[in-house]
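Chain IDs A, B, C, D and E follow the sequence of writing; residue 1 opens each chain.
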Amino acid sequence: MYSLKLSNICKHYTGTLLFKDISFELRPGEVLAITGWNGSGKSTLLRIIAGLVRPSLGKVEMFMGDEPIPKESRRKFLGMVAPALALYDELTALENMDFFCKVRGIAYDRESCLNMMERVGLTENANKTCRNYSSGMKQRLKLVQALLHSPPLLLLDEPGCNLDSNGMKIVEDIILEHRQLGMTVIASNEKREVDYAERAINLSE
Amino acid sequence: MIIKVLLSIWMAVIISAAFLYAGAAAGFPGQTSRILFFHVPQAWIATLSFLLSMIASCIYLARRSVKTDHLALSAAELGLLFCILATATGSIFARATWGSFWNWDPRQTSIVILLMIYGAYFALRSAVPDPEKRRVFAAVYSILAFVTVPFLVFVVPRITASLHPENTMNPAKPGMDPKTLKVFLGSLLAYTGLFVWMLRLKIRLLRLEGRQEPEFVISEKLKQEGEKG
Amino acid sequence: MRSGRWITQNEPLTYLNEATAIWLRDLRGEFRTRYAVNSILMFAVTTLVAVSFSIGSFRIGEAEKPFLCSVLLWIILVFSALSGLSRSFVKEEEAGTMDVLKLSARPQAVFLGKLFFNLTLLGALQLIIVPLFILLMNYKIASPGLFAAMIISGGLGLGAGTTIVAAMIAQASARGALFAVLSFPLLLPLMITAIKGCERAADGMNTAGWPEVRIAVAYTVIMIIMSLFLFPLIWEE
Amino acid sequence: MYSLKLSNICKHYTGTLLFKDISFELRPGEVLAITGWNGSGKSTLLRIIAGLVRPSLGKVEMFMGDEPIPKESRRKFLGMVAPALALYDELTALENMDFFCKVRGIAYDRESCLNMMERVGLTENANKTCRNYSSGMKQRLKLVQALLHSPPLLLLDEPGCNLDSNGMKIVEDIILEHRQLGMTVIASNEKREVDYAERAINLSE
Amino acid sequence: MRSGRWITQNEPLTYLNEATAIWLRDLRGEFRTRYAVNSILMFAVTTLVAVSFSIGSFRIGEAEKPFLCSVLLWIILVFSALSGLSRSFVKEEEAGTMDVLKLSARPQAVFLGKLFFNLTLLGALQLIIVPLFILLMNYKIASPGLFAAMIISGGLGLGAGTTIVAAMIAQASARGALFAVLSFPLLLPLMITAIKGCERAADGMNTAGWPEVRIAVAYTVIMIIMSLFLFPLIWEE
């Protein structure tokens, strides 16, 4: 059983305080939404959880059972989608997947990668370089990248951005499926996405 | 305060002694050897502060306390200053004795490398906006730079024979003029004192500046709130 | 989809596999855009042509030749390297893929992968430049074994000394300058050693023991070990 | 009176046909929506209209009254927002605006720029470098850039992307206001944005 | 908001204003990131130091000095320029701002703005490198007026010859290489002229009429005029 615990997280940039005293615990099966106006710090909070940004105060912990997971191996247990997280433009979608599998130490399996591609509707474009992908196609590929290693913690920053209604349906499926066993944090302005969450933290208050 | 006064008196004494008390050393044209009383201690302080900065950097990486970073930064700054002074006095000296300001003597080569390292250190610091990242990067770089120094010491003497005198000022060497030796040791002491005084001043300044920074102000405020609540 | 595949990550995986994946990806990306390799090679070739043009019109005394040629060769190699070796990290930062790499790979694997990539670039550079230089400058080498060993060990040192600096400058603001500024002092001892070693190989005197090659190898090993320790500090926020 | 006319536009990329025979005329006061699945070519069509991509067949014309506007000065008469159109990251928002005003030959007027900033809610961040902007703040700034020269033709590619509900309201206002006198083409998957249009072209059919 | 402001665009606005805006923006961006200026300057300074180190340890005959020094000076200047002058366009492409620039500015204004920017960079480069070179190499110049004119006109030619190439390569895929490959042949006539001119200025013989300066100015003017015609073709899709 995994769990995520944030205690008294606070972040400020040269003088302006973004948020302070964010504390919560998340357990498998729970979905947490983070809301707030543009620029309120949603993405920053997600990056803090992922370990990409250092909080000004407070700490982020992940536990496997009772045992804390050291910060440097936290990345194995989380998958992230965000507007600023780009994939490799000059590779094709399949090559991207191949790379992320290998680098994470998962045996690369063309079959299951193709399955995932099919799930997000990219089968036809799997061998096209990502530079020429449309905005929605890129977003779909990002979803695959986050799910590749079936992480117990999923961090979704505006997951439905650029997607058409089919794409939104895919995101919905992913969230519902992940809710069965894993932890999910969604940062979004879309009411539809926020509604999957039992709990919400509003950073604008 | 008292230290400052004592130090300035001591410096004044040494400077006058260098020109009035000690005699001109043999083997150098005219009165030029008097520059040694300044040139050598400057070079020595430059090297010393480099070492100090590296040690502070190591401690910083282990402990991550801002104080040690301040020490590393101040030592590097003063090191750069003294390094420039040593190069300048050395060049003047070189012009008087060897005929040209610069001729890629091994000593000159190594001091240029030292200057480049200091320059690079500050360039790096000014190019990293995030304060903590800046400290870590600077510390890492100063350790990397230090690792290459033994290679330098090992390698540079191989390239060309040096015109640079060795051990003329070595106190252990017999036959040195006692007056010269006295002034020289006095000057070494004066420069070391000056260095320590400037170092402490610089560290204090950095600490005060740090308190003004918005980061510090906010996190202090938040800490206080946390203690109350 | 939930196949529990992440559990396999607990198995002791070698860093090497992951490093190789990064290395191969960089090679593939490089092959498609050819930014680094071209900028390095073209830089080297044009400098080489220019130098041989300018120096070639002089009569260099045979006695001075071993030294002068070694200096010129290493100047060309080092500056060509400085012109392109930072690309692999800088590109990662500019394309916005740095974060995704931080999230997926272990820092040591990243360092090793990028090191392999830089060494590959350097190898390609040397393979083209060194024979060309020897031909154009009519550079006679008395002890080819020592010369080859010096070129290879020097190249390894060049890669080892610059990779970690490239990672730093990629995360700094004024990148272009910094790379050369930061790398050059670190590389100078190596460069001087390599010049001396090539000179020795060219004039063929006193080649016993290959002292410069040993120094270069020691430099490489120490740099790599230091980097493996220090890299995680600069890679992770 | 301006008008836009597309005749028999067709675009294919090395073998794959994106769309063909797109013809329409647009007059002031009209809003046209372009819809279609992800990757159907909406953004490409908008780029063709803007003159950034050459169509494989067909032509795009703009008229002032009856007089055709030459292709090279078409840019004066249109403003565009798109996910792939980035602003200058290392400048602040105000500097960006200053630059675009000058380059378009509009007298730079700090006052009115600040007014526009206020309209999109960026007043407080007007002097912050755009590198540190959040995704929504960047999108808002792009809107300002497109409106700076009050163009008669507005090309909006996913204008509501990354925006919160306030931001969506701003986009809505802009569309409604522009509808009074100008021409608008919206490419989007959001039903809400498509609904402003009287006419729609679906590229997936 | 609808103030009919775009109507003012029909007024005859000078291209120069718009070009100046682009120039100033580039300068400001450059000032913040310092990519190009640093990479050019550091490149130049390090090469200069290396050359002076390697050549400085030789006795160059006084008779050969004017020619050798001119060659070295122009090699340093041209290669430094090649190492950084393509940045302004390439950055635009990499940051994704090329399209927005295409949508807002007239191509001729873009060309002029970028040309001004590159000339500014070159000016800064020469201001630092030339005096340093003269000092370090102990380069004696008999006719300073001609020398200065040659340096300036050569610099103008360098900027004029490379700017349009930079715009082309920014839109191609293998950028790094292409710039040097495409520019060098275009610059070679200029470079040879400038070397000859500087040599003449240094030895002080036959300086009447400044023929090389005139050639360089003609080269510059022709290049700029040609570019103003050709640039819109490569800029617009």
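The criterion applied here is as follows: contacts are C-beta pairs under 8 Å (C-beta built on N, C-alpha and C of every residue); 3 or more make two chains touch, one makes a residue touch a chain.
No experiment lies behind these values; they were computed from the predicted model shown.
Summarising the inter-chain layout, the chain whose CA centre lies farthest from the centre of subunit C is D.
The interface with the greater count of contacting C-beta pairs, when D-E is set against A-B, is D-E.
The chain with its CA mean position farthest from that of subunit A is B. Between the Cα centres of subunit A and subunit D there is a gap of 30 Å.
Computed centre separation for the pair subunit A/subunit E is 46 angstrom, with centres defined by C-alpha atoms. Residue numbers of subunit B whose C-beta contacts span two or more other chains: none are found. For subunit A, residues touching at least two other chains, in rising order: 54, 84. Chain contacts: subunit E has residues 32-33, 53 touching two or more partner chains.
Subunit B contributes residues 61, 113, 116-117, 119-120, 123-124, 127-129, 133, 136-137, 140-141, 143-145, 147-148, 151-152, 154-156, 158-159 to its touches with subunit C in the complex.
Touching subunit A in their complex are the following residues of subunit C: 1-6, 8-9, 11, 13, 17-18, 20-22, 25, 28-29, 32-33, 95-97, 99-107, 109, 232, 236-237.
Residues of subunit C that touch subunit B in their complex: 161, 164-165, 168-169, 171-175, 177-178, 181-182, 184-186, 188-190, 192-193, 195-196, 215, 218-219, 222-223, 226, 230, 233-234, 237. For subunit A in complex with subunit D, the touching residues are 13, 36-39, 43, 83-84, 121, 125, 132-137, 139-140, 158, 161-167, 189. Every residue of subunit A that touches subunit C in the complex is listed here, in rising order: 47, 50-54, 71-72, 75-78, 80, 84-91, 95, 99-100, 102-107, 112, 116, 119, 129, 145, 147, 149-152, 177, 180-182.
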